[in-house]
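The same subunit A turns up in both complexes below, where it pairs with subunit B and then with subunit C.
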Partner chain A sequence: MLTRTSVIGAVVLAAELLSPPPAAAQLNVFACEPEWAALARELGGDRIEAFSATGSQQDPHHIRARPSLIAKVRRADLLFCSGGGLEVGWLPLLLRRGGRTVIQPGKTGHLMAIEHVEVLERTSSTDRSLGDVHPEGNPHAHLDPKNIVRIGEEFTRRLIATSPNSTAYFTARKEAFLKGWGQKLNEWNRRAQHLAGMPVIVHHKSWSYLIRWLKLREIATLEAKPGIPPTTQHLESLLKLSRTTPVSAIIVTPFDSTKPADWLSAKSGIPVLTLPFTVSRDASPGDLAKLFETTLTLLESAHARR
Partner chain B sequence: MNRLSSAASAATAIALFLNTPSLAQSSTDIDAVRAEIRAMKEAYENRIAQLENRIKMMEAGKKPAASNPVQRTAGGRSIRDSSFNPSIGVILNGRASSFSEDSSEFAGFAVGEEGERGREGISVDESELNFSANADDKFYGSLTLAVVREGGEDKVELEEAYVQTLPDAGLPDGARIKAGRAFWTLGYLNEHHTHSDDFADRPLPYRAYLNKSFNDDGVEFSFVLPTELYSEIGGGIFRGSDFPFGSSTGGFDSWSAFARVGGDIGDNQSWRFGVYSLRGNATTRTTNEGAVTFNGDSNLYAADLRYIWAPTGNPRQQELILQAEYFHRSEDGRYSDNNANAVGVAYNEASSGWYTQIVYKFAPSWRIGARYSQLHSPDVPAGLAGSALDAADHDPYAIAIMGDWTNSEFGRFRLQYNFEELAENREDHQVTLQYVLSIGAHGAHAY
Partner chain C sequence: MPGAELLEIVLPPLAVGVMVALVHAPMGIEVLRRGIVFIDLAIAQIAGLSVVLVNTWRHEPDWLTTQTFAVAAAILAAFLFRWVERKLPREQEAVIGSCFILAASLALLVLADHPQGGEEIQHILSGQILFVSWPAFFSFLPIYLAGFTLWYWTEKTRTGLPFFLVFAIVVTSSVQLVGVYVVFASLILPALAVNRMEPRKDWKAVGCGVGAIVTGVTLSAFTDQPAGPMIVVTLVLTTIIVRTFGKTPDR
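After this line comes the complex of A and B, so read on.
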């Protein structure tokens, strides 16, 4: 018995010795969604290496806890996710399996974006017959540019706490980013005035923060219950609704099934508007601002058409 | 927003009802009603907005200071961990089966009770009750009881009862120790509860070599290496009292080792490959309803491969899963078969078995799958000729085809057809209709 255990011990020891030295120059940031990887790159510059677990065409609610993600978590120095239950189907598993101490819940390296903004749509219900509800509130907080500021500030705090030697570098990057962002935000707010009151139907409640920021009017969701695919019955009722209530667009993400939106669009004549929802997985600095610009441009053109 | 939109749609529904032509009202009447509804709607919307503002203000008031990052923890979500401590989860499981063949003996293999095919007719399957929670910052504990029908009685079986270290336990990053009773790391399926299987029954190698699954008492260590590619190694020591072992003498009669690697191919494909060994000494392992006994060394080696392709990157929409496992077993000891008057016959033989399956999710709620399993029977020593171990040169095989419908991730209905020829000229056509429902907490499933 002794020999067997010592064999295992020796293997583990060998693995420890073979692992790369801990003093790697760049911090590894594991982001759950591309927007947080993009924000991390804006603020971390070349002192971080950011990876996004999901791509822009993927629904972050439902991905598999793939082996490659366990390996990424194992090597991460900072975790940057939306939180609020969005990643509950896979992130806790990755954290347990990856076994990386510094990014566990409660640690400085564990950043959940929605814990640092004003959360919409909190509910106390946990009855699954009502669908896939998030009791902690709507987790899709990144589409309000004011939230980007708050979350970015918090991320910089975490960066500095993790790597105090780079305090000056990270502070300077943050200030430069926030200054540029503030200017853009003023411009976006100007453009947003024309969109106020624009009536829209959404597929899933992916857009609540955007809708609140731009003061759009959400008439309905294609999903009768969150997370449960739209039913024919519900779509029929939306078709009836659309005859009495003007709607400018049906807003969907690139990863929503297009069938329900296309069906309603064909019957009602309301155009389907696919907004980007997020940036690409490998987004480079500047792409986050482009996300808001593109979103505004697409909404403006849909608004003008009606 | 939810309430707002439901109020709006309720108002609209009333409007539509009033709008039906059979009421034959004049257009001015309808306009008046519409105006009234609009006024009501606006009043309600204002009221709701006021209330929502109040909630927001109350929430804002309760919010801890944003400058204290370390104290925040990820909020647990009720669906995954049911707001109770410990979390409680229940799996309800039932089926109706029909078989064309009377018996389902495996030619050449000593098979335990759970390796046999299920009961014919309507039956409740293993109903599982799970309690789990973090004990503290360092340890997690889980208990799973299964109520099973065995020998005409409902029995409570202790499926799992283990403690496991959490990442904060002070072990090196990536290291983990699990102790107690658990579905240990061995191949793909063994770690998983049967309710998450893609087919209504386990493939032949699992039935013959593991009596469905290996969940002995023991302790297992695993270590995820800090490599770019996922790689993990580990091993365990077990009591040696669960199939393929018997009633343990020393209590440290079995041990295992494993290694796994895995990764992605592009954005939409992923894979994992593993090799495993489970070696040990079996003391009085009784099978075939008490007739067959084995004493000696039983060593099992396995390899598994899983490959997943999600065409759009979204496994919930569409997904193709390929999975295969290979097992090799060598046994060195003595077999007895009461039914064949064979007592303590020396035995030193090897056999192997494998299965491969493909499951395709073509729509979010619908999947189809096919599976082929095969066992290669061991040679039989002269002393066991005519016994249950005598395969008469037949290699058992089985084909399964299934289709299932998933309403949510918590409920699934499955129809499966099996064709099995486990012994020469014993062609068994089986049809099974099954449901699996999960209530309460239900953690995420592993890869």
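After this line comes the complex of A and C, so read on.
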């Protein structure tokens, strides 16, 4: 005959087996952009739950408030964003509204990627007549794989500081990730040699880190001033420039307006190349490496065509 | 989302929505009666233009400076529109509409070279009601309390210059809290819904406005959509329902 305690025991066990592991054991990571959510998943494994506030088709400069966004911020243990003013239009409001102490500026849970890399295009000028210039420098730092290493190391430090019990787990994951990444980086660097000097026109200064890594030649930007839609006069001058200077491709992100690039392409014959720029919002481990693979493959085919 | 957390997310926007609806509904009846429905857009845009100008002139002005300039511009607009009402009573809607597009176009011209000013005007115009926090609610509360009290305390508030002044100051605050679309909808739609439902039209309008805004914020929470556009939709639906099924007085 079953005793009462054994029945209860069986029920408790069944409940444990059926329900997912307790949420408290997992750290909640709130990423502003999908690339940081992807990196967090690589390094945090199943001990974190990462969420990205923006998707791959969205310009991270602007987003609209949804109730779930506030809910995610309220539960976050770590905030993982680009920084450098990229999210200035919405993140401060969201942080204030969420009221979560551990992810406020200055806390361990507040990680801004560009504070841990060598920043490009830093300027002391805050003259807004120059356009949407971030005085902190260009914030689009993820497209240099060496930056991924530095930012990933910092993220692991923050993970460990937040959850010291998992030190061994996070350290092992970081080492495994960095080892694999290092091997891929060698292969990418080998492929990059053929791309060096490739002349390109870009829509926005979204690609500066990629361009520096691959040693491409940025001939011009479609936006005369960052963040301000290209003017007709500027496009005309680019058209003139393209007649004297060879250009392999006009590089745009999936969320840039394609009109200026298409206009210039139609007049000059330079192909428009849409590079993925980032991973999907629910990227799984491996997708970050695929982003670099795809970017290289697309650039190689554009380079070969000219 | 757990219930308690959902409440904490939804309560500040709900409080703001109810506060705005309480003051807007009776004002909307007056606006509709005078046939000057574009006046809120015009005043919001003129306040926005002044904020843009401050932003291009001074880097990141503080909250008080921004408010001072926005309210000062709105008051100037109030004087202008009162003057237009007296001089050109039959063409005032045309003048008000033209002021709206002029202010909008001037802002675009000023902003052509200043993208962060663009973010500023975006905030002024589109407002993000879900981002409104309790401190913001309490800092704007005195303006609505004063507007509400004045409106019901003396009939004078509903005529002449006092109307334009109270209206300008309230709209300038509302636009920053909930955005211009919700301001327009919460003024005009409740008034439109109860337009043929004398007597006590203003309280019926308040009921429509508050009901629609509470429904809109609640729906936004359950469907996880931005709250502003959702409120506009629920206000329109409320108006259609009230106009269709509401009791009209016997002729």
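Everything below uses one rule, namely that the second predicted complex is superposed on the first by the 281 of 306 C-alpha atoms of A that agree within 3 Å, B and C clash if a C-alpha of one lies under 4 Å from a C-alpha of the other, contacts with A are read in each partner's own complex, and residues count from 1 in each chain.
One rule holds in what follows: a residue touches a chain if its C-beta (ideal position, glycine included) is under 8 Å from a C-beta of that chain, and two chains touch if they have at least 3 such contacts.
Just so you know, these numbers come straight off a predicted model, no measurement behind them.
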### Query
Aligned on subunit A, subunit B and subunit C: do they clash or fit?
clash
### Task
Go through the superposed model and pick first if A:T221 touches only subunit B, second if only subunit C, both, or neither.
first
## Note on the structure
Of subunit B and subunit C, the partner touching more residues of subunit A is B
### Message
Taking the superposition on A as described, I'd like to know which of subunit B and subunit C A:E300 touches: first, second, both or neither.
### Response
neither
### Message
Which partner chains sit in contact with A:A65 here, subunit B, subunit C, both or neither? Use first/second/both/neither.
### Response
both
### Message
In the overlaid three-chain picture, which partner chain does A:R122 touch, first (subunit B) or second (subunit C), both, or neither?
### Response
first
### Task
Please work out whether A:L93 is in contact with subunit B alone, subunit C alone, both, or neither, and reply first, second, both or neither.
both
### Query
Should A:D282 be classified as contacting the first partner (subunit B), the second (subunit C), both, or neither?
neither
### Message
By the touch definition at the top of the document, which applies to A:E49: first (subunit B), second (subunit C), both, or neither?
### Response
neither
### Task
Kindly point out the stretch of subunit B, out of 24-32, 312-320 or 348-356, that overlaps with subunit C after superposition on chain A.
348-356
### Message
Can you give me the overlap between the subunit B contact set and the subunit C contact set on subunit A?
### Response
62, 64-68, 70-71, 74, 88-90, 93, 96-97, 99, 126, 128, 132, 228
## Note on the structure
In the complex, the residues of subunit B that touch subunit A are 1-2, 5, 8-9, 12-13, 15-16, 55-56, 59-60, 66-67, 69-75, 77-80, 82-83, 140, 166-168, 171-176, 221, 223-233, 235, 237, 252, 255, 257, 260-264, 267, 270-272, 308, 310, 312-317, 364-365, 408, 410, 443-444, 446-447
### Message
Going by the contact rule set out above, which residues of subunit C touch subunit A in the complex?
### Response
1, 5-6, 8-10, 56, 59, 112-117, 119, 122, 128, 130-133, 220-221, 224-227
### Task
Please name which positions on subunit A make contact with subunit C in the complex.
62, 64-68, 70-71, 74, 88-90, 93-94, 96-97, 99, 126, 128-129, 131-132, 225-228
## Note on the structure
Note: in the complex, subunit A contacts subunit B through residues 1, 4-5, 8, 11-12, 15-16, 18-20, 55, 57-59, 61-68, 70-71, 74-75, 83-85, 88-90, 92-93, 95-101, 104-108, 110-112, 115-116, 118-123, 126, 128, 132, 134-136, 150, 154, 157-158, 161, 205, 208, 218-221, 228-229, 237, 240-241, 244-245, 255, 257, 281
